[in-house]
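All chains are identified by letter, namely A, B and C, in their written order; residue positions are counted from 1 within each chain.
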Amino acid sequence: MSLLLGHIRRTPLLWLLAFVPVVIASEQLRPEAHTLLFLLSVLAIVPLAALLSHATESVAAKTGDAVGGLLNATLGNLTELVIAFTALQAGQYMLVKASIAGAIVTNSLFMLGASFLLGGLAHHEQEFNRVSARLQASLLFLATIALLIPSAVSRADLTDGSGFMQQLSVGLALLLIAAYGLSMLYSLKTHREMFASAEHSDGGVAPWPAGLALATLAGATVGVALVSEIFVESVQKAAETFGMTPAFVGFIVVALVGGAAEMASAFSAARKNHLDLSVGIALGSASQIALFVAPVLVLLSYVIGPTPMDLQFWPGAVVMILIAALTASLVTNSGRSTWFVGVLVLMVYLIFAMTLYLLPPQAR
Amino acid sequence: MSLLLGHIRRTPLLWLLAFVPVVIASEQLRPEAHTLLFLLSVLAIVPLAALLSHATESVAAKTGDAVGGLLNATLGNLTELVIAFTALQAGQYMLVKASIAGAIVTNSLFMLGASFLLGGLAHHEQEFNRVSARLQASLLFLATIALLIPSAVSRADLTDGSGFMQQLSVGLALLLIAAYGLSMLYSLKTHREMFASAEHSDGGVAPWPAGLALATLAGATVGVALVSEIFVESVQKAAETFGMTPAFVGFIVVALVGGAAEMASAFSAARKNHLDLSVGIALGSASQIALFVAPVLVLLSYVIGPTPMDLQFWPGAVVMILIAALTASLVTNSGRSTWFVGVLVLMVYLIFAMTLYLLPPQAR
Amino acid sequence: MSLLLGHIRRTPLLWLLAFVPVVIASEQLRPEAHTLLFLLSVLAIVPLAALLSHATESVAAKTGDAVGGLLNATLGNLTELVIAFTALQAGQYMLVKASIAGAIVTNSLFMLGASFLLGGLAHHEQEFNRVSARLQASLLFLATIALLIPSAVSRADLTDGSGFMQQLSVGLALLLIAAYGLSMLYSLKTHREMFASAEHSDGGVAPWPAGLALATLAGATVGVALVSEIFVESVQKAAETFGMTPAFVGFIVVALVGGAAEMASAFSAARKNHLDLSVGIALGSASQIALFVAPVLVLLSYVIGPTPMDLQFWPGAVVMILIAALTASLVTNSGRSTWFVGVLVLMVYLIFAMTLYLLPPQAR
C-alpha cells in the first residue's frame, strides 16, 4: 500500500486521482451540470487509465512473455472497453461505433504521428522494428476490410430490416477474434524471434508485487467504470455547450481521453529513442480495438444491449479508418522515421479532426 | 498412349476422369436432375483441368522458354476460358462476369494464401522472387483500374442506353491485351534475367512427347467444353437447392472448380519450398484472367454473344478485385512469407466468401 | 540581350516565340476564330514556358540551394498558376478545378511514365533517389486525402448552400500550404543530406546573369499571362470543334500544354540517365500543384474571383488523383525502373484519357 502511495506521490499525473471522488460526489449533488461533470470526468479518467496501464504492465512482467503479452493485449484497452461497454448498456450505439472508429484513427494517426514528431525533434533519424509494425498494420488493414465489405457489397436501402447485416456482423466478429488470437500465437510463440528487438522496457519503473498489481487493477477498473458512466451521460450535452458536433466528440474527444495514458507512455518512449515501443503501443492499440474490442462489443450486445449491434459503420468513418490503416502501413514500411514523417501523419489526423469539427450535425 | 495410361494410373486425381462419360450419359438420360449433373460435372472438370495443365506444360517444355511461356500463359487458364465461353454463348453475362471476378479474387487470395499457409506450416520462413511477384501484382493493379474507372467516372443512370460503356469497354480491352503482350515481351525477352530464379520445375514429372501432349491437349479441351456446358446449365439451379446465392456460386464455386488443377500444383510446390512457382501460378493466373481472358471475352461477345458484353462490373465485385490486388501487392512486397501471412490473406478471402454467402439475392 | 538571342537561336523550341505576337494580333483582328486562336495560343505558350523554366533555373543557381529551391518550387508551376489565375478571374471554376486535377494526374502519370519509358529504352535498368521520390509521393498522398475527405464524409445534397464546404476548404488550404512549407524546411534545411544525390544539373546549359534572368522572368510571365487569357477564352469552343468533351480538354489538353516545358526537361534528363531529376520534376510538380497552387487559388478566389471557390472536386477527378498518387507511390518505392514500368504508368494515363474522351458531357 505504501508502495502504491509512493508511486502516486512521485507521479504528478496521478494526483488527478483526487478528481475521482469529486466527480462521483458532483454527480449525486448536481446531476444536471453536464459541462462540469464532463470536465471532471475527463480529469478523473486520465489518472485511472494511467494506473490501470501501470498495473497491467506489472502483472505482465510477473507472468512471463506469453501470458504477459496476452494480458497486456487484452487489458491494454480496458479504458476504451469500459467506456464502450457503458455506452452499449445505455443503447447508445452511435457513440459506441464513433468511439471505436475514433480510437482506431486516433491511435494509428495521432499517437503514431506525435511519437514520430516528438522523437524526431530529439533525434535526427530513428529506426524501429518494421516486422512488428508491419504485422500490426496488416491486422489493421484486415479489420478495415471487414468493416468496409458489408457496406461496399450491399445497397444501403436493402440492409435495413433484413437479418443480413446482423448475421454478417457476428460472422465477421468471430473471424476477427480468430485472426487476433492467431496473431498472438504467431508473435508470441511460433515466430517470436522476429519481434525480439521491441524491448519490453517500461521506462525504468520497477514492477509492483503481484498482489498490489491485481488489487490496483481491480480498483482502477471499478473506478473507470463508475466515472465512464458519468462521462458517457454528460459528453453529448457538454459538447453542444462547447459547439462541438457529436461526430467530433465521439471521434476525437472520447478517443483522446480514453487513450491519454497510453499516449503518455508512447511519447515518453519516443523521446528516449525507444521508437519500437511507441510504434508498438500506437499500432498495437489500434489493431486490438479493431480486432478484439469491436468484435467483443458486437457479441456482447446480444447479451447486455437492448438490441443486437452490427458492424456497419457510417461510410465517412470507414473511409477514415481505411486511410488511417493505409497511412500507418505506408509510413512504417521503411522502418525509419524523422520529424517530417510525424508532421505528415499528424496532418492527416488534423484533416479528419477539422472536417468532423465543421461537419453540420444533420450531414451524418 | 501407354504413357498417358501409365500417367493416369499413377495419379489418383485422374481416376476421376471416369466421371466424364458418366456426366455426359446422365445429361442425356436425366436432363432435369440439376443437382446430380452439377456434382458430376464438378467431379469431371477437375481431372480434365489437371490433364490440360500437364499437357500444356509438356508442350511448353518442348518449345523453349519464349514460346513455351506464351503457350503456358495462353493455355493456362483454358478451363476458365472454356467455361466462360460456354456461358457467353448462352448469353449469361452475369455468370461470365461473376466467374471472371471470382477467378481473379480466388487465385490472388485463396490460392496465394493457402500456398503461404501450407508452405509456412512445413517451413519456418520462405523466400520467393519478388521481382516476378511485383510484376504480376502491378498488372493486376492495372486491370483493376481499367475495371474501376468506368463506374467511378460516370453516373450509373447515364451509362445505360448510351454507347459510352461499350466503346470504352472495347478500348479498355485492347489496352489490357496490349499491356499483357508487352509484359510477356518484358519478362520473356528484354529483362528475362530478372525473372530467372522462378525455376520452371514441373514437380519432377517428365514431359510427354509432343504428339501425345498435343493430342491430350485437343482431347481434354473438347472434354472440358462438353462438361462445362452441362456445368453452366446446372450450376444456378443446383445452387438454389443448396441454398447458395447466385453471387456465391459465380464467385466462389465456379472459381474453385475452374482453378482446381492449378491449385493442386501451387500447393504441392509450396510444400516443397518452391514458393516462386506457387506465387507465379497464383498471381500469374489472376493477371492472365484480368488482362487476357476478360478482354478476349469482351471482344468475342461481338462475334458469338447475343449482344455485346461490356467491362462494367457490379460495384461490389470491383471493390473485391481492388482489395485482392492491393492485398497481393502488400504481402508479396517483402519477398518473404510465413504461415501467418497465409492466414491473413485467407481471412480476406473468408470475409468475401461469407459476405457473398449471406448476401440476399435481390441486394445485388 | 545578345546572350538571350544566342540562347533562342540555339534552341529550336524557342523559335515558336514568333507565335506570341501572332496570337495577340490574331485575337485583335479575328476574336471569333476560336479554333485558330486556340492552336496559336498553344504554340505560343510552349516556348514561353520553356523560357520561364530556364530563367527560373538561372535565378535559382545564383541564390544558393535553400532560396533557389524555394524559388524553383514556387515559380516552377508559374505557367499552370497563370492559366488557372486567368480562368479564376473569369469565374470558370470548372476549368480551374479540371486543370488542377489534370495537372496533378498528367505530371504524376504521363510525365513520370514517359520519363521511365524513354529512359528505359536507352538504358537497361535505371536507379534514382527513392527518399526524394517517397517524400513527393507522400505529399501527393496527403493532398489527395485533403481533396477526398470533404466528399467522402458529407452527403452531396447537404453540402450545397451550407457554409461547411467553404470553411473546410479554407482550413484545408491553410493546412496544405503549411505542410508544403514544412516539407521545404525538411528537404532544404534539416535533412538535406538525404536528398543529396538528386544532382541539380540543368542539362549542361550555363546559367544566365541575374539581371537577364530576372528580366526574362518578368517578360515571359507577362507573355504567358496575355496568351493564357486567349487560351482560356478559346479552349472550350475549339474543343467542341474537335469533338472533345470539356472534361478531356480541362484534364488532358490544358495540362499537357501547361507542362510542356517541364516535360521536355524531364524527358531529356531521363534519356541522359539522370532519372533523379526526371522523377523530381514530375512528382515535384504534381505535389506543388496539389499543395501550393490549388490552395493558393482557393484563397485567391476570395480576393479576385466573383464568388469563393471551394476544394470539392468532381468525384471522378478525386478517384483519378487518388489512383495517380497510389501508382506514383508504388512504382517509385523500389528506386529502380525499366521501360515496362513506364508502360504500366502510361497505360493508367491512357485509361483515364480514353475514359474522359468518350465520356458523354452530361455524365459529369
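Keep in mind that, in the parts below, a contact is a pair of C-beta atoms (placed from the backbone, for glycine too) under 8 Å apart; a residue touches a chain by one contact, two chains touch by 3 or more.
Predicted, not measured: the structure shown is a model, and the values here were computed from it.
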| field | Interface sides of chain A and chain B: same vs different residues, half threshold | value | different
| field | Copies chain A and chain C - rotation angle from C-alpha fit, nearest 5 degrees | value | 120
| message | Report the inter-centroid distance (CA atoms only) between chain A and chain B in whole Å. | response | 41
| field | Junction residues of chain A, two or more chains touched | value | none
| request: Using the touch definition up top, name the residues of chain C that touch chain B in the complex. | output: 124-125, 315-316, 319-320, 323, 327, 330-331, 333-334, 338-340, 343-344, 347-348, 350-352, 354-356, 358-360, 362-363
| note | chain B partner, complex, touching residues on chain A are 134-135, 138-139, 141-142, 145-146, 148-150, 152-155, 158-159, 162, 164, 167-168, 171-172, 175, 178-179, 182-183, 186, 190-191, 329
